[in-house]
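Read through the structures below before going on.
Each of the two complexes below includes chain A, the first together with chain B, the second together with chain C.
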Partner chain A sequence: MSFSAIFVQLLNGLASASSLFLVAAGLSLIFGVTRIVNFAHGSLYMLGTYTAYSLVQWFGGGIPGFWSGVLLSGVIVGLFGALVERLLLRRLYHAPELLQLLATFALVLIISDFTLWAWGPEDLLGPRAPGLAGAISIAGRRFPEYDLFLILLGPLVLGLLWLLLTRTRWGTLVRAATEDREMAGALGVNQAWLFTSVFALGSFLAGLGGAIQIPREPAVLTMDLSILSDVFVVVVVGGMGSIPGAFLAAVIIGVLKAMCIGIGNVHAFGIDFSFSKLTLVVEFIVMAVVLVIRPWGLFGRSQGAPRAASTEPPLNLPSPALQKLLLAGLIMLALLPLASDRYTLVLMTDILVFALFAVSLHFIMGPAGMHSFGHAAYFGLGAYAAALLFKHVLPMELALALAPFAAGLGALLFGWFCVRLSGVYLAMLTLAFAQIAWSVVYQWDSFTGGSNGMVGVWPAQWLASKTTFYYLALVLCAGGTMVLWRILYSPFGYGLRAGRDSPLRADAIGIDVRRQQWLGFALAGTFAGLAGAVYAFSKGSISPDALSIPRSVDGLVMVLMGGIQTLTGAVAGAAVFTWLQDSISRQTEFWRALLGGIILFLVLVFPQGIAGFIRERWEARSGRSEA
Partner chain B sequence: MNALARSTTVKILQRSEIVYILALTDRARDGGHQPPGTRSESSVDDVNLREKDMTLRRTFLLGTAALAMSAVFSGPAAAQSTIKIGEINSYKTFPAFLEPYKKGWELALEEINKSGGLLGKKVEVISRDDSGKPGDAVRVAEELVSRENVSLLMGAFASHVGLAISDFAKQRKTLYIAAEPLTDQIVWNKGNHYTFRLRPSTYMQVAMLVPDAAKLNKKRWAIVYPNYEYGQSATAGFKKLLSAKQPGVEFVSEQAPALGKIEAGAVVQALIDAKPDAIFSSLFGADLQKFVREGTQRGLFKGRPTFNLLAGEPEYLDTLKDETPAGWYVTGYPWEQINTPEHKKFLAAYQAKWKDYPRLGSIVGYSTLMSAAEAIKKAGSTDTEKMIAAMKGMQMDSPLGKFSYRALDHQSTMGAYVGRLALKDGKGVMVDWKYSNGADFLPSDADVKAMRPAE
Partner chain C sequence: MLELKGVNSAYGRAHILFDLSLSANRGEVVVLLGRNGAGKSTTLKTLIGLVRPLSGEISFGGRRIEQLEAYQIARLGLGYVPEERRIFTDLSVMENLEVGRQSPRTGAPQWTPEKLFGLFPNLAAMRTRRGAHMSGGEQQMLTIARTLMGNPSAILLDEPSEGLAPVIVEQMANTILELKQEGLCVLLSEQNLHFANLVADRAYIIEKGHIRYQGTMTELAANEQIRATYLSI
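After this line comes the complex of A and B, so read on.
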């Protein structure tokens, strides 16, 4: 690369960084103050693009029409955000941690179907920016004027936000709440109003970030999820809640991507390496490196431990009645093949697999207190290990038996880094590792089959019938679930919970908290791998989506839907979610919106989760009869 | 009749779910109104509560039982008075292509049933969304085969989903007609006895563009492709075929942006810096639109002939409107200019039914279902082996003309339109196009045999 080429690629990177920064700044603000992990942020961005497309069409061309359309769509999305906060999220601030995540996930589903309904399926390419449609000459190359405008816009917004946060009363309150929101509340700050306004501002930035994209890219229905992971990376690399951090992170990632593209293919030491292909995963590599070196991102600070509100009640041994109920359930499952058709067994096999997957996720999220956003990595590693062992060397039974250990090894490796972090940073590091694993599987054609995956991964002859395979899945998944539950009541499990509830005291009485967490992480990974291996053989094929982000999110949804504070919650969540997806998608064209609606309904009615709700009722009853 | 019976089952199922959910909400509301202090004081309340709990449990059990029963009884229907065809696709993941696709097969279905159905029975298509995941696709495939008793499966858009269904079809010994997946593997190195594929594959469409590319005799080529199997195969195929025709050709730059996430400005800049004489691209969708916009602004396409697979398909071309890059060599579907009687007839029927113009997806949906119908008609039965035997070498009439399914590898010889892009009245059109028959752009039989696993 010549010097001028490097310079122009630097400008390209800065232009991309600006739009990324706008969206990320909104997410960072919202998280800083409300602690909401807003999955719907990408959807707000998408709404911004679509709204701007329509408004600009409606206002007609010309400079005033275009810019007022862009600004107005930011405002509209901001108002929509305020509405969402007031009508929905406000009801959930006292719910168990992360439940808002489930609510925003439901919003993602609803908004994406709404967009499809309102704007139709085709990509919509908006007009170029009037007045900035041309290109100027820089270093002998033509460079779009609009990109120059974007390069200036990023620092401008950063400056305005900085002024807003440091020079106004509102900004002081926001910073106070970011620092310690209980204390801010105790000092008489009207939190309700503060949260709504912050959410509105964050949404406005997301909407504006989407709107300014129309001269650069078309409005498409997948843009909500494709930007979501990027902005999360930016926010986390910068440090959650830090606006300058988000700006720096956006610049680093934008420029790095442009440089990878600029370098292209390199031939050195007899190896061809394509930096262009590295763009698939470069932001996640950056995030992993940053988090390993700086556990709270570049400009972030240690999050204060949440106060009493979120400590969980201790985990009691299941009551005899519950044990009987579980046993009865197990017997019913064992008898199921006598009274059901083939498809019910296939669906039940899926449910069993996902139940074990969710239970293993709950194992580290609940009792061990480590939220993982990348648990699918271990599910996928197990699935791929099973498929690879089976294809290359081993009979199916042995492949199935060994695959979980491959996943466990992966978890042991990644976990070593992850347990050094906490809270959202830990969650995002698990996500980064999952994406790195995903990209390796996705790219390594000769070994993993690349994006097409592998086919012909069918069970051995004696297990081929759906009934036998169902029993195999039942034994392994129910067995795995019980082992994990049993471990929670072992000294090791008590140690895990001690480490979650009070790391200092646990440390003081001689528990090596980090080691406990590390082993817990590996254990959960192993069982997720078991679920993955069973899954691979039940489907006969395996592809990279087994370890992709949506699979991890499905796991989170299952755990939260069922109730994170109960053991049986993960099972209930997995069953309900899998079954809902299966049955709803058959009923209506807009099944995603319906699924989102049902999840919202569940969140509002059972904030403690399905199993949590049942337990609450149960306890209320037995508490009374004892009295 | 049968359809009616099924929809009733569905309704019953829905009602029992609703009762179940309502019962739970009711409880939630009651619980909410219960002042905590009063809990252990009133014994009357105690009895009430216990009763309510009994009701809850009863409702719960009833609900569960109803679900279990509906699961059991919605099993295999009795004597079938219709022929059922299972259709699986990622409707919510790729709506731009698949909505027209669905309209296509719905038109075909109407035509088939108007002309008396097949084997004296009405035809019914049972369609499922696989949410873009191979695992889900395999599950709904199982549902279609075992619960709905479909005679065959068709559909799929993404290649990995198509491959998963194709392997399922092999395992379950069921006929599967892959509609859209472009991957070469589905009929070649991962091909099987039970799978046929309609669309011209990546390899075939690349081969259709290569003659024009070789004719230009450009030395330095730059390549850009979405970084997954389709783009990788297109690139590998292009390099191999062009090098064979034009020895000494150089490939000076290769850009592989992630699917849907192209950094268009940087990619275009990198291509310009490589100073190519010509460009080959297999981008589509949003990536293509961004690439075109940045490329035009930065002057990448000036004086550089550009080839782009699929860019002439209305699904991707129409979005570009007045920014359509004139002169590009593309494969596509110039629907408004095809004057053959078979296409005119299709176009009239499609526009009458849908008040919309067809996209390439419409052709794919229509022709896939028509192929399935033809296979059943020719076989005179819905027996899988008979249908497979019928499809080997089966001749088809389609809106694009006649084609056949090769006995050798189960690939159809449906072709594609190859031409150049131009701007007309503010929108993109294809000009100088010709129909390339798929049969002329396949590797030799010996090569295909070597790739395809033995049956």
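After this line comes the complex of A and C, so read on.
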């Protein structure tokens, strides 16, 4: 590649870095002050793009029309963000942090369907920017003027934000609240107002970041999640809460991605290597490397433990009554095929699979306190291992038996890195690894079937009927759940909880917390892999969706819907979620919005999760009858 | 000026304060004495609204405040200086003061950074220094100065002498007496009887969340038995 080509790619990278920075700065600000990981941030970006597209069309093409349309889109999205904060998130500040995350994910679903409803499924490309529609010649190549404008916009916004944060009272209060919001409150700072304004500013930046994209990239319905993972990476690499960090990280990642596209295929040492295929993973590789070397990102600082020591409630053994209930449920599940049709059996098999998946996620999230945003990686690894082993070498039974261990090995490898971090950083790294696994599977056409996945992954003859397979799933998934639950009440399980509540004290009494967490992570991965393997054979095919981000989020939703600090919550959450998804996706085209609405409702009404809610009722009732 | 009546407080399921009642007046320094874990900090946190009481009445300047948020209570003119100092380490001295700033209120002394630097001369020399780069004693000065920027009419001090060098402790005692001179109501928690003797007019002794004794400092000094039972180690 010639020097001038490299140079132009460098400029390209810088231009895309600007939009990335705007969105990331918004996310970082919001996280810093409210401690909310705003999953809906990518959706705000998407809204910005679509709104700008419409406004610019409506205002007409001239210079004032275009630029006021772009700016106004940012303002509209900012107001929308403020509204979301006031009407929704404000009710959840006293709820567990993860629940706020669930609420923002529900918003993702709703906004996604709203966009589909309002703008339709076609990609929409905006007009060129009037006044900057031309191109200039750089090193003998033509380079769009608009991209030069974007290159300048990034540092400009960085400078303005810096002034805002260091030279105004508002900025001082924001920085104070980022560090210790309770103390700021005790000094008379109204957090509610501060949170709303930060949310508005963050959303404005996201909307503006989306709006400035219209001359460069078409508005598409998938842009919410694709920018979200980019932005997570930028914020984590830069350091959560650091605006200059976000800028540096956006530049690094924007440039590296552009370079990978620019370099393309390279033939060296007799090997063909495609750099453009690396584009999807390069940012996650950067993130993994940075987090291992600097666990809090380039400019981030160690987050102190939360001020109010939040000890989790104990994980009680199921009461005798509940144990009887579980046993009765199991018997009913065993008798189910006698009284149900084929469709119900398939749905029930799905529910069993996802129950085990959710229980394995709960295993590391609840008792071990490691919040994984990428648990689908192990589900998918298990599914793909089963399919590949079956296709290439082994009979189905052996493939099914070995696949979980492949997932376990993957979890052992990824987990080694993950347990070195904690909190949001750990969550982001798990997400990064899942995305790497997804990219590999998605792009390795010759081995994994690429985006088409693999078909013909059918169970052995004797397991082929839906009923027999249902029993197989019941034995494996219920069995796996029992094993995981049993482990939680073994010394190993107690050690995990000790490590979660006080790593320092656990260390001091001789528990190797990190090793314990590592093994717990691998164990959870193994069982997720088992669920994945059963899933592959139940469907007869497998696609990269099995380890995509939405699948990971499904797992999170199940666990949180059920109630994270209950034992049986994950099962309840998986059952309700899978059933809901199945039944409403058959009702309406806009099932995502409906599902999002239901999640929001559940979050607002049962902040302690379904199982947690039932338990509280139960305790309140038995408490009263005792008294 | 400041009054608790029959207050009960808890962290989750742990009941900390039991039917606690106490009061403090304008221009008076009242000390809450007790051992570690007796409930001193919880009492102050309940007053400022960081812990919401289960039951009981709290009034400040004639207004009921037990249902208010911390920021609302602070804006009524009740200042709070936490035990762990909790200054904003990312912010400079001046910025820390800015966070505490509120508009002037009638009936309470009015503070500016310059006036505070008169009270805490050490701070004057480090206006742009970040909180992270200050010594413990300097941080303790800053945290009081920051609270005074809100022009409070009453101030809660959680173990102000803890972990300070003797010479600084003396300075702290003088500061508290100056605040009293300005007409502030001061309620402080202490384990250090010697320090309490330097500054306080009256004392309450708290043990396991119950008030066990109340009286003037002179009365307490005369009561060997009470001191032996509740305060000596």
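Quick notes on this one:
As a working rule, the second predicted complex is superposed on the first by the 623 of 627 C-alpha atoms of A that agree within 3 Å, B and C clash if a C-alpha of one lies under 4 Å from a C-alpha of the other, contacts with A are read in each partner's own complex, and residues count from 1 in each chain.
The criterion applied here is as follows: a contact is a pair of C-beta atoms (placed from the backbone, for glycine too) under 8 Å apart; a residue touches a chain by one contact, two chains touch by 3 or more.
What you see is a predicted model; the values in this text were computed from it and never measured.
By the touch criterion defined above, A:456 reaches chain B but does not reach chain C. Counting residues of chain A touched by each partner, chain B versus chain C, the larger count belongs to B.
Look at A:189: by the touch rule set out above, it reaches chain C but stays clear of chain B. In the superposition on chain A, contact of A:173 is made with chain C only, not with chain B. In the superposition on chain A, no contact is made by A:294 with either chain B or chain C.
Look at A:86: by the touch rule set out above, it reaches neither chain B nor chain C.
Touching of chain A by both chain B and chain C, each in its own complex, is seen for no residue at all.
Taken in their complex, chain A has these residues touching chain B: 1-2, 5, 8-9, 12-13, 15-16, 113, 116, 121-125, 128, 134-135, 141-144, 147, 216-218, 220-223, 226, 257-258, 261-262, 264-265, 274, 276-277, 279-280, 339-344, 346-347, 350, 442-443, 445, 450-453, 455-456, 458, 535, 539-546, 550, 581-583, 585-587, 589, 591-592, 605-606, 613, 616-617, 620-621, 623-625, 627. Those residues of chain A that touch chain C in the complex are listed here as 169, 172-173, 175-176, 178-180, 182-191, 311. Against chain A, in their complex, chain B makes its touches with residues 10, 13-14, 24-25, 27-28, 31, 34, 39-40, 46, 49-50, 53, 56, 68, 71-72, 75-76, 91-92, 95-96, 98-99, 128-129, 131-136, 138-139, 142-143, 146-147, 159-160, 163-164, 166-168, 171, 183, 185, 190, 227-229, 232, 253-258, 260-261, 263-267, 269-270, 272-274, 285-286, 289-290, 293-294, 297-299, 315, 318-321, 323.
Taken together, the chain C residues at the contact with chain A in this complex read 12, 48-50, 69-71, 74-75, 80, 82, 86, 88-91, 95-96, 98-100, 102, 146-147, 150.
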